[in-house]
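Next, two complexes with chain A in common: one pairs it with chain B, the other with chain C.
Moving on, here comes the complex of A and B:
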């Protein structure tokens, strides 16, 4: 039996009826419950565009962890792992609306939920995390249970619980507490139910129909708050943002700006930006990255984690701390290193204290003219996009085009022989360039390699692990390269070319907007994206300003109008207990 | 000879060469020290360190020291035990360090003032067991005293005669101390491996005008503030950054020479601190010699020799306790007496007993980045 809990689409591949069915089953849309938002009077020059489908997005593991941490505090330990996300249109953020929860996946969620609920209700935490005390710990207490579940449920569901949802869980707490003769054991069951509820595990966006424009809608206030919060902080809306959603504070330009500025000016913006680039740069691939440690003994698991952190620290420093130009990520000479990364790059990393602390980070600035400029020279790029035992100009060129230029490079045909490029001990073809050129005598291969290899060959000063080299098999490495007609030499030349590339900034605008909305770029948004590119340039390619542009735009909150469920269906489903849901889903899936 | 490679190996990459040049000035790293005055510097960290031995068949005329069970049976016989008693006692011997009656008996076989005492702490509480010693004419090290005497060796690599390495002679008939290079003697291989994670890096730098040519250089050999980071294989990583320990007594500065690609130093005292444990906490050598030879892979192989207080060496073994006898197969009183008997330098003015013994150590050092004068406390 297919145990799919929830599945959704952003591309219209899922029929509208399916979406309606989902909405019906999970009481996602309670249109009558929430105020229909007026479209904010936003940036005057913004061109008209329409949103895509309202999407249902599974929380990423990071978002789950951030939400639990924010709601219950740092002291609550998570454990285990969730099912992997799927990358769609270059982003996991888009893929989160294309994933389901398998039986095993649900078990993982349940185990984690139970562990969280156990901790929240244990003696060490209950005094601080549960705002009330029962009249008798050995008996159910509806008043206290309702107070806790109402408060916590609102934070977990990112909206107030419906009366039906709340009373269902109060009832569960009552029955369990009475049966077990333990108020907190009862509360534990209810909290577990909330934590495995699709309302928590999935971000369910609710379009609010604009009567003046049938067929179009804006997200309701709580969906707005959720989008905003996950974009800026990668976590669920905090109390202030939920309150703003409740009192109409997001429905006016002034009120929205107040919240957007608050989020932007918070140190927590770093978490949001980290999540954006972790997704965009494909760092999830590090979980399966291996290097042949006989060939590259410097590459360890520790270094694998630090390579990602190096890049993220560099980005945060450049784009947030320094409020720098996004394009400089390709050329910046400043980065951050640990002793282990210093070993990899063979550069000095001098700690500022005598104890041996390899994980400490040190700010480093390479000299003018140094070949190690920009993110493309970081191990997080050159090592991530290489084979375990040898570099790959093809993988690097492909990655650059797909990540930074939003271009799709096709997979190679199944019947291609890679014998030439794999033979690193070839006595004639001693460099990668020579081996690749030999490979390109096959015209079937040449077509794709022409768009990848001239980029990747410029990075050949970096071996498969990211170590710097000037020769391969005793032969000096030629790092000349070309990108869309622009010729250059080496990583620094490639970085400068990318810095100056309009396609690169255009790609970032598109990717960032897709990340924010969870939607693959659509033709209907083309005008807005063009407009956003202009705004990005006008603001000096500064990320905080660009995030504000997105957050204050109409496009960010637009969605297709839904087909509404009937009142009776909604009412009935609103009272579904969590334990009933899998059965309902299974039934739905089998339809 | 004034040719280039292999000489003192140059790092493979331009960036490494850049930062290896002692100035490091081109790279604006936070906290970077001021530029030393040398035109060229190569820095290394010791990756392994072992006693220098050269074991050959027949180099122990009395034979290689017997294995643990045979030796223990002999000790029990010397203690007056009958064959039957010995068999009964040794039936309890499990190859470990005890406890048990036989272990207690062997451990505390010394006798002082009528009490049984541990022979490691009281090696003179038993008569000299006269362990077998090396009688070969081939042995690694340096001619420390300038003489070629009957108890001197000829170095197998340099063919220098008059080599003084009585430490090799004293313990070279224990199987744990026998090896033919490049194999390292088991005892030292284990001791270094077990200690290095708590031993601050031993860093070497060679500074000179042009390290590709014969000439004068300055060689430093000292302790760093950092411990080497290991590769997945367990060996130290190349290209790690080390800060030289600013404490003067942890640094040895030698006047050196490059000739035919090899670096040697003028005799001078040498002192370094280890992480303790299976190594002596401190190694002090007088009239120390050093030879550094480049390897094709950019590392250097080295030989360090000098006169070392033999009691310090003995304490290293005694510190291992009875386990060094029951598990490694050493004979602690035998080592004590052999070191004392073969000590060949620095006589005590009162007793005339030589207090130091000639030693030699082999090691390998791999490229590293060494930073000095960071102002660290």
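Moving on, here comes the complex of A and C:
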């Protein structure tokens, strides 16, 4: 305890840190020095959790594409588009537990399914994708159809087809093949059916009641495999995982660990982590992002895509390749740039390639003290959360609170007029800070803007397109900012504050678990989430270790026993809002 | 053990006719043919009514759009001048409001189209009406957005948004692509492949009871919606197997040129123009009877070319011109939207059907969200209807109903189209008072 107090008194930045956090930091330090992170003394038992509802989740467009690619190969083109996902509690992943399929949506699935089935059964692909040949191509062949449908159906449904399901589709292939006098046409129709089946389009989780704990259930082995696979690889379970589910390999800790380690040690983990952060960072909003092309001619669609890729590459490098500390995403000096991004950020990117070749990514490490450090300075954040023609401290502050702190910032009232303070040509208010401060003189506005703008003002070195600048309208930009009482200067200061924020790591734990389960944070999960936060800290905030914690936890596979309609609705009402849960958890660990 | 016993019904019926040239087994044929003047089928039944919603965000500016006189013979206000050629086919409603919470960004359109401003918008009027009048056409409804997004205000229920089609080319392919059957074609021969596919799909739909059995209420409702949607595709396939009734006014529009969709106002208007043509032709060809158009979204992102600010930002930030007394750029955007609406009405009115037009048997319901875009108020929100719904309502009337809920228009429209509803709306917007001036 004495050592902790000395630490606190000698480092200004830690003076405001809670005792809880000091203990955690000290524990991490101790873990690192003594390499005893897994020591039983520090590894408290997972608290009892009542789980949550077993839900059906609609595949995201990415998961649909990944599944088809894994099962049939890269050469099968999808075309078309799917219904947009819905963001709930900060995640599209949670939205997948709320949405259904509209008439137009089904039409799109059907069109895509036909296109996939056409390709799989065409002459160019059938030899490699269909393991058998019919006795006569101009007639039905139950044996070959059964073999193909049994194998493919198992991969698509993420479990073996029931005998009834299989024979139904064999019958469809038989009738269609005979009618059209074409075995492959029959198979095509059956495969289309599998691809539009709710068993494929929705991830259906089946709880198996635990006789020892009435009212509680564990997911069955195939539901476990599905949750695991989509969390780690963002795709359907592969053959090995399905086999483990079939032979009981997921029902023992050792067997489960074997599969979890296999998934974690695969290069395919990158796809899963990319999907997690693409969702969490709200990159779907890039589809409607526009920038004023007169003011920002550099911000093209290509650059928009590169901005997202820069962030994802940075995250993958830091969290997977380097096995770094999650909190360092806010402070890392290393990133990846193309020449176009280099121009945007005013950083020279030298390539040993001739002009007019495709742009190449180069690892860049900013010098100590550079203002471009951390994820918050990337165009994927500062450009995404700006107005088309000018930066916005308000939008940036709001996004930071909602994405990284899991807090909900209220929508502004409709009847506000900013006409006096938002004129970029205003001769008095020549910088954004001056305009915003004038704006804050209105007490009606000030309430909310005080929780957003002081954060966003620290990012004013980045214009609406993410371009780096030090002055606006000839006036040097003041980048001082504040977040929950902590004052700092510039993006680097903000990044360090976020790095040190217990609320930020608490939010990530909550979001990651919601992403994994498809459920909004709920009161029933509070004990587990608090426990998981502790484990995350004890493991040095390393993402692979944290994913393993989730994947090996009981909470991840627990589900409520099947509910009646009435109790099911009551349960749904117990879901907490986006704001409530993290705030509640944070309140237990923060100062 | 096999499940052949559960695999029967429609598939079995169709199996017997595969490869044949007739289409008479098990599926009802449309036995309607147009009468001599092209306004009704040969059996005397009139051409079906069509309905659609058309939404513009941030549309109101007090004093700039309202007619000065009530009743018949009114003249359009300044912002709505583009609609003047159609005044006799349009009703204008002034004074209506969305009752409820303080001014915000979403209450207006929610009350206009759903009668309620709950956070999760319930079933909207286009879907309510489509479920009654749209069941016999190939597409129960068509939803489009003109700003390159998939944003839609059409809801089948909470969390079930009918996403908009952003691409005219994609909409063209969907309606008039390879699966379009020309109702006026001399010969009709059902495609055996379609028969097979229709038959096979029932193997999926027949799983419904088994799949719904063990689900909680929420998930059961979601899967139920899935099966309802599947049924729509089955119905489309069934219609492809039937000889459609000839429709004299049906012509196939030209395939749209390669497109550039987006938020620049010129892009949005060009996109809208193509959508208007496609939807009008789709209705003339019996492909749908219901549509939903989202011109520029609620917090509209539409921009002028080479301008940094969106329409929405202008409403909050543009100074009121002291001489004009309004925000001139905002008014410009509002006029652009009404210009687009005028083009949509023209597209419907431009299709002749006997001695009338497609617009005469249609009913378009326009609404915006704010009576005063600058302050995002929900009082005196502009609403209009266009078209006579096949003689079901009077047109050319300005109705002033100060303080009444916007839901009155929705109730009136539903009753005009034969929806058995006595009252409509929630959250202070309940009303059982239709706009009786339009009846009788």
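Criterion: the second predicted complex is superposed on the first by the 511 of 591 C-alpha atoms of A that agree within 3 Å, B and C clash if a C-alpha of one lies under 4 Å from a C-alpha of the other, contacts with A are read in each partner's own complex, and residues count from 1 in each chain.
Here is the rule we go by: a contact is a pair of C-beta atoms (placed from the backbone, for glycine too) under 8 Å apart; a residue touches a chain by one contact, two chains touch by 3 or more.
All values reported here derive from a predicted model rather than from experimental measurement.
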| item | value |
| --- | --- |
| Fit-or-clash call for chain B and chain C when the two complexes are aligned on chain A | fit |
| Contacts of A:316 with chain B and chain C, given as first, second, both or neither | neither |
| Which superposed partner A:384 touches (first chain B, second chain C, both, neither) | neither |
| Which superposed partner A:457 touches (first chain B, second chain C, both, neither) | neither |
| First, second, both or neither for A:171, with chain B first and chain C second | second |
| Partner chain(s) touched by A:468 [first = chain B, second = chain C, both, neither] | first |
| Which superposed partner A:84 touches (first chain B, second chain C, both, neither) | second |
| Partner chain(s) touched by A:343 [first = chain B, second = chain C, both, neither] | first |
| First (chain B), second (chain C), both or neither touched by A:217 | neither |
| Residue contacts on chain A - larger count, chain B or chain C | C |
| Chain B versus chain C as contact partner of A:365, first or second or both or neither | first |
| Minimum C-alpha spacing, chains overlaid - chain B and chain C, in Å | 11 |
| Residues of chain A that lie at the interface with chain B and also at the interface with chain C | 293-294 |
| Touching residues on chain A, where the partner in the complex is chain C | 53, 55-56, 83-84, 86, 98-107, 110, 163-165, 167-169, 171-172, 175-176, 179-180, 185, 189-190, 192-193, 196-199, 201-202, 287-288, 290, 292-295, 387-390, 411, 413-420, 422-423, 562-566, 568-569, 572 |
| Contacting residues of chain B [partner chain A, same complex] | 11-16, 19, 24, 26-33, 225-227, 229, 231-233, 235, 237-241, 243, 369, 371, 374, 376-377 |
| Chain B contact footprint on chain A (complex, rising order) | 293-294, 297-298, 300, 339-340, 342-354, 356, 358, 362-367, 370-372, 468-471 |
| Chain A partner contacts - residues on chain C that touch it in the complex | 1-4, 6-7, 11, 15, 18-19, 102-105, 139-141, 143, 148-150, 156, 159-163, 165, 174, 192-193, 195-197, 199-201, 203-204, 207, 211, 214-223, 225-226, 228-230, 232-233, 236, 262-263, 301, 303, 306-310, 313, 316-320, 370, 374-377 |
